[in-house]
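Across the two complexes that follow, subunit A remains constant while its partner is subunit B and subsequently subunit C.
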Partner chain A sequence: MNQIGPIFRALLRNKVGALLLALQIALTMTIIVNAIHMIENRSSMMARESGMDEANQFHLMYVGYKDSFNERVAVETDLLEIRKLNGVVDATQINSTPLSGGGWSMGLTTTPNSQDGTPVSLYFVDDHGLNTLGVELVAGENFSPTEVTYRLSNDKQWPQNILLTEAAAKNLFPDLTPAEIIGQTVFIRDDEPMTIKGIIDHLQAPWVQWSNVNNVMLVPQRGLWNANRYLVRTEPGERDRLMREVEELLLAKRDGRLIRNVTAMDEQRDDAYQDFFALQTVLWVIVTVLTLVTALGIVGMVSFTVNQRRKQIGTRRALGATKGDIMRQFMLENLLITSSGLIIGVASSIALNIWLVDTFSLPRIGWHYLPIAMVVLVIVGQLAVLGPARKAANLSPALATRTT
Partner chain B sequence: MIAYYGRLALLSLKKNVLLTGLMIAAIGLGIGAAMTTITVNYLMSADPIPNKSERLFAVQVDNWSPNEAYDEPNLPPDQVTWLEATQLTEAKMAYRQAGMGTSYGVIEPKGQDQKPYLASVRITYADFFPMFEPPFLYGSGWTAQADEARELVIVLSKEANNEIFGGANSVGETVTFSGNVFRVVGVLDEWEPKPKFFDLATGAFNDMEDVYMPYTLKQALELDTSGNNNCWKPIAEETFQAFLNSECVNSQFWVEFEDPDDKHAYLDFLHNYVAEQKQLGRFPREQNNRLHNVMEWLEYQEVVADDAQMMMYMALMFLIVCLLNTIALLLAKFTGRFGEIALRRAVGASRRTLMLHYSVEAAIVGVLGGLVGLILAWLGLQGISALYGDSTEGLTSLDGTMIAVGFALAIVSSILAALYPTWRACSIAPAGQLKTQ
Partner chain C sequence: MLKMTSVRKTFRTDTIETHALRNFDLQVEEGDFVAVTGPSGSGKTTFLNVAGLLETFDEGDYQLDGKSVQGMNDRQLAQLRNEKIGFIFQSFNLLPDLNLFDNVDVPLRYRGFNSAERKQRIEQALETVGLANRMGHYPAQLSGGQQQRVAIARALAGSPRFLLADEPTGNLDSNMASGVLDLLSEINAQGTTIIMVTHDPSLAQRAQRNIFVRDGQVTEVQTGTNIQELLQQTAQV
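And then the complex of A and B:
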């Protein structure tokens, strides 16, 4: 450690060079910390469960276009036939699905005509909805087949019973347990009462960036809107075959409608998070290349210093310094510069994060990013010095001291 | 003389290929990253209709709930109701005006071998075409009389015309849309304004609609509403007309003025209109009418995605790191040549001469770095478009301006990076340096 004094004094002879390197390291740390924070932030959003059995589900859309298309009869027979197919677990009509980005939301209140509603997204399903979606009841009961009704485009009435996700129920009744919430009344459209018949564990709204993404209400109705969706759940491994079979089954009816967007749920997930994944990839590229540039910069700088100090190195070696001493000198010098850069880096990382929080409403960085980034950059710095330092140590003293 | 410096510079750059390569790579990577992200931001915020963006205005009136604003701080809805879209268009108080919305329907096959075609529809008024100037391949838009008479007329996009008529001139032909027979009056050429400024409700960079038809048909044919529909008040009755008359916002309304200053007179008109509506029991909030021209509207609606901006700031910081890197490397390089510089000074080279000589060397590094940067930017943009898919179509091409900006950025950055090292190199005292030799 008694080497620090001379190394520090040597550094002072090239203040600007050292300062530039320190600044570069500070900025590198700032970018890496904040970029990794953004990547992690997106990852945690992408890791949220939709609540469905995504690997074994697909959905498709139909649009009727001929007067002869009798939607009510079609939906009833379609669903019976689809459920009978070999490998199908269950099927339901549904107006939208999680991760789809399009749907319907309404406000619910616990007292009529109250101002502060709880926003929920709506899925219209029949009594097969729970099984098809792959969600579990936490309390209460599923819809019975007899309470499923039909809903026309301009209908405004709401059915008597609904199911809610646990998150939505907790929003409405923060003080009650799920069992206590069963049978409670909520109001829709200002003053229309509905009873909570059951609570399901978890299901996402269609919009992944919605702040109320866990608030969902299931409504026991089939929509007769001339255009709608079926969701099908299959046995593991049977999905791809059934996607073709179900489409063929429906097309073969030739009843004046078209079938579009036959989509597997996991494909839907990739679509929903495509932009997240893209941002992550771009940031990873920046972080990687940045680390590389900084490391190569250090290699270049140190090589130069070594070249410049050939004589001094030779003199030190001639006076008895070991190869290790020479190596240590360069490693320590780099450690000194890197550390001062990292101290500035901590401050600037936090400053940039505060600005990002303000401007793009990103969450704060976790403190643990800072020590991790510091350790990583110290290692990168030391590895970068290793090559040139070894070259310095291997200089033969006789050659090095010779005047060129 | 410059040619001589050029040769000297090349000689010196060749002397240490590794270091020169490192500097060029650093500048190239920095410029590449910066240019990729700047281009995406530049194209996202581009003026989609430069010849008249100053004269086209998005209209907002505040029909929202008395208890809470549509959005804070006290912002009116981004869209308007069916009532406003029709009444304000029919008031004809601007030079041109068009209410509009979106719908969808199936165009039935003409022959056995054709498939039914699911078409997205823009419903609007006759003025839409002269206002937004979509290019026509065949025919033209419809007339104001057609709006009034609710004629079943349709304008096809190039894509729809290819699909249904194989690209032939279909003006005068008929298509069956959701059971009604429409007459084709026009076929558009390729038209993809980016951003899709006149309707940002479901995405600023969405595709254009497949077909266009009169807004007045929405009521006549009870056309479905697609896109974004937002309500604060329950709809009174279970009829289609009740939905139309509701306070649900699902349409856009745009006006064109001959002179941008006409906006003041139009705001007066809106004030009177809202006052009248208040008499009818609507518009419970304070008057809050707004006009934004195209660029103001894109700004107000924050069309440039946060992600694109974040990426750009990250890339710009990355560029700064690359420049610091280059400064440090140049400094090291020039420091290593103090002896040579001192010698040249001693035998009579002026400081100016040396400055010029080293600046040329830096500029060469800049130009080469710029070239590498542009190639990387082009690759980067390919990468972005592959990652983001269709949503970035038209947002990832380098145009002349961007190429020029890229080069300027590269050269300015490298000269800036060379400034301090050059100054240091040229300000040494020759005597001291020569002595140590």
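And then the complex of A and C:
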């Protein structure tokens, strides 16, 4: 390490090459840090639980196309028959599901005509909703069968009782415990009051990128709409069989409807996060290619330098440098250039992250990314310089007396 | 203190074998000032490289300070070069991105001296060559003669037993060459052994001993011998 002073001073005499390499390292660090931050951010989003028993659930859509198709009779008989199937835990009609990407949201307030609403996603379910979804009550009660009503497309009325996820309830009443929240009134559509009958532990809204994804309201209604959806929960290992059986059961009725999109929940999870996965793959490719390009840049630059300095290396060897001294010299030189690049890189990584946070509402990078990226890039730099440095170390000291 | 016995060095390519040194015998005593002359391609530089441990040899024995260098590993050879030998090159071989202080410092850092000792040695060496006031200058800011003086300071700073000089005045005009030679003579007078390879018969005549190398073999000639004539004879042969 006692060579560091002269190496540093010599680098200052040849700023351009060193500066360009340092800037490349800074750029690499900036992109790598933010790309890995985005990858990790997407991974943590993908790892979030929907709140459902996804491995044992599926849903399907049906659309009545004949005038004779009676939606109300269909939903009542269908659900009774599905629930009786061997291996079915429970079933409910539901307007949407977590991870589906399409649904309904409203704003709730604690005072009528208030401007500050808490956004919630709505799932219309019956009294079998909780068991079918696989969610737990934290406080209060489930809907009773008698309070489940039917809802037409143009209905404006809202039922008296609702259930909320704990996250939504906490947003509305941050100072109350779940038990204290039970019986509280919230307002929908500015001034329509509803009573919180129960609080469930966790359930996601349909939109995975929604900032209020954990705010969900369950409404005790069945829909009488053109297209409806059943959610079915099965015993473990029975889902795939029951996906076929339920579809066949409904088709066998020949009552003028189409069955569509019989989808397992874990398949839906894959679809929901397909864009995330694609983005992660692209970012990994960018990180890998950029790291390789930087490493190759270092190899190229050091190889060029070694060729340029053959006589100098021979002279150093003649003056008593061991092979190890020569290797250390190039590795130290690279360490100094890399370190300057990394110092610039820390500043530019933070600057880029601030821009990403402001522009795309990404979370701030964790401080730990910076030292990790620095260590990785130092290792990459040192590995890249190893080959050319070894080549330099093996140059003959006799080069000192040669004219070229 | 430097003894070569039957040293052979052959350079080989796929098709050609060049015998650079054959049965090369030479003994240099402490305090000698030896000039090595000879026509181009005679083996002078190969001798210097072998003597300076810059190149290995194929056969024979080479003893430096009573120790055979044969079989020494790279680290041991580097240490010997660093501690016992000072080099002066025809084209000075100063490191262009280091100032004079740092240039003279190079071998001292490899030696592992502490910074106070290095500073003292560097200042003293630059003082000896008359450049103590230009320590912060870079080689490109100096004349050729001054650069060669820095190279001499660098060679002297580690207090070597030998100075090996390869055409030390080859790139200098006659005034500068004379100055450099005066300096080498002074250094020799203080006890440092000098072996100088040169083409210039007039410079060779200022050494105590003259060695003439021809076809890789050595002939000791009397100081004062007309080396120019020897060179011409060799060229005619």
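Methods note: the second predicted complex is superposed on the first by the 383 of 404 C-alpha atoms of A that agree within 3 Å, B and C clash if a C-alpha of one lies under 4 Å from a C-alpha of the other, contacts with A are read in each partner's own complex, and residues count from 1 in each chain.
Just so we're on the same page, a contact is a pair of C-beta atoms (placed from the backbone, for glycine too) under 8 Å apart; a residue touches a chain by one contact, two chains touch by 3 or more.
On a predicted model such as this, the values are computed, not experimentally measured, just so you know.
Contact with subunit C, but none with subunit B, is seen for A:Leu319 once the two complexes are overlaid on the shared chain. By the document's definition of touching, neither partner reaches A:Arg244: not subunit B, not subunit C. With both structures placed on the common chain, the touch criterion links A:Thr281 to subunit B but leaves subunit C unconnected. By the touch criterion defined above, A:Val63 lies against subunit B but remains apart from subunit C after alignment on the C-alpha atoms of chain A. When the two structures are aligned on the shared chain, A:Ala10 is found in touch with subunit C, with no touch to subunit B.
Of the two partner chains placed by the overlay, neither subunit B nor subunit C lies in contact with A:Arg72.
Once the two complexes are overlaid on the shared chain, A:Arg48 sits clear of subunit B and of subunit C alike.
Of the two partner chains placed around the shared chain by superposition, neither subunit B nor subunit C is touched by A:Arg364. For subunit A, the partner with contacts to more residues, out of subunit B and subunit C, is B.
Once both structures are placed on chain A, subunit A residues 14 are touched by subunit B and, in the other complex, by subunit C.
Subunit B contributes residues 18-19, 22, 25-26, 29, 33, 67-68, 104-106, 108, 115-116, 118, 178-179, 224, 234-235, 237-240, 242-243, 306-307, 309-311, 314-315, 317-318, 320-322, 324-325, 327-329, 331-333, 335-336, 383-384, 387-389, 391, 420, 424 to its touches with subunit A in the complex.
On subunit C, the positions that touch subunit A within their shared complex are 45, 48-49, 52-55, 74-75, 78-79, 81-83, 87, 89-91, 93, 95, 97-99, 102, 105-107, 109-112, 138, 154, 158, 166. Note for the complex: subunit A touches subunit B at residues 14, 16-17, 20-21, 23-24, 27-28, 30-31, 34-35, 38, 63-67, 115, 153-157, 189-190, 225-227, 258, 260, 274-275, 277-279, 281-283, 285-286, 289-290, 293-294, 296-297, 300-301, 304-305, 307-308, 356, 360.
Against subunit C, in their complex, subunit A makes its touches with residues 2-3, 5-6, 9-10, 13-14, 311-312, 314-325, 396-398, 400-401, 403.
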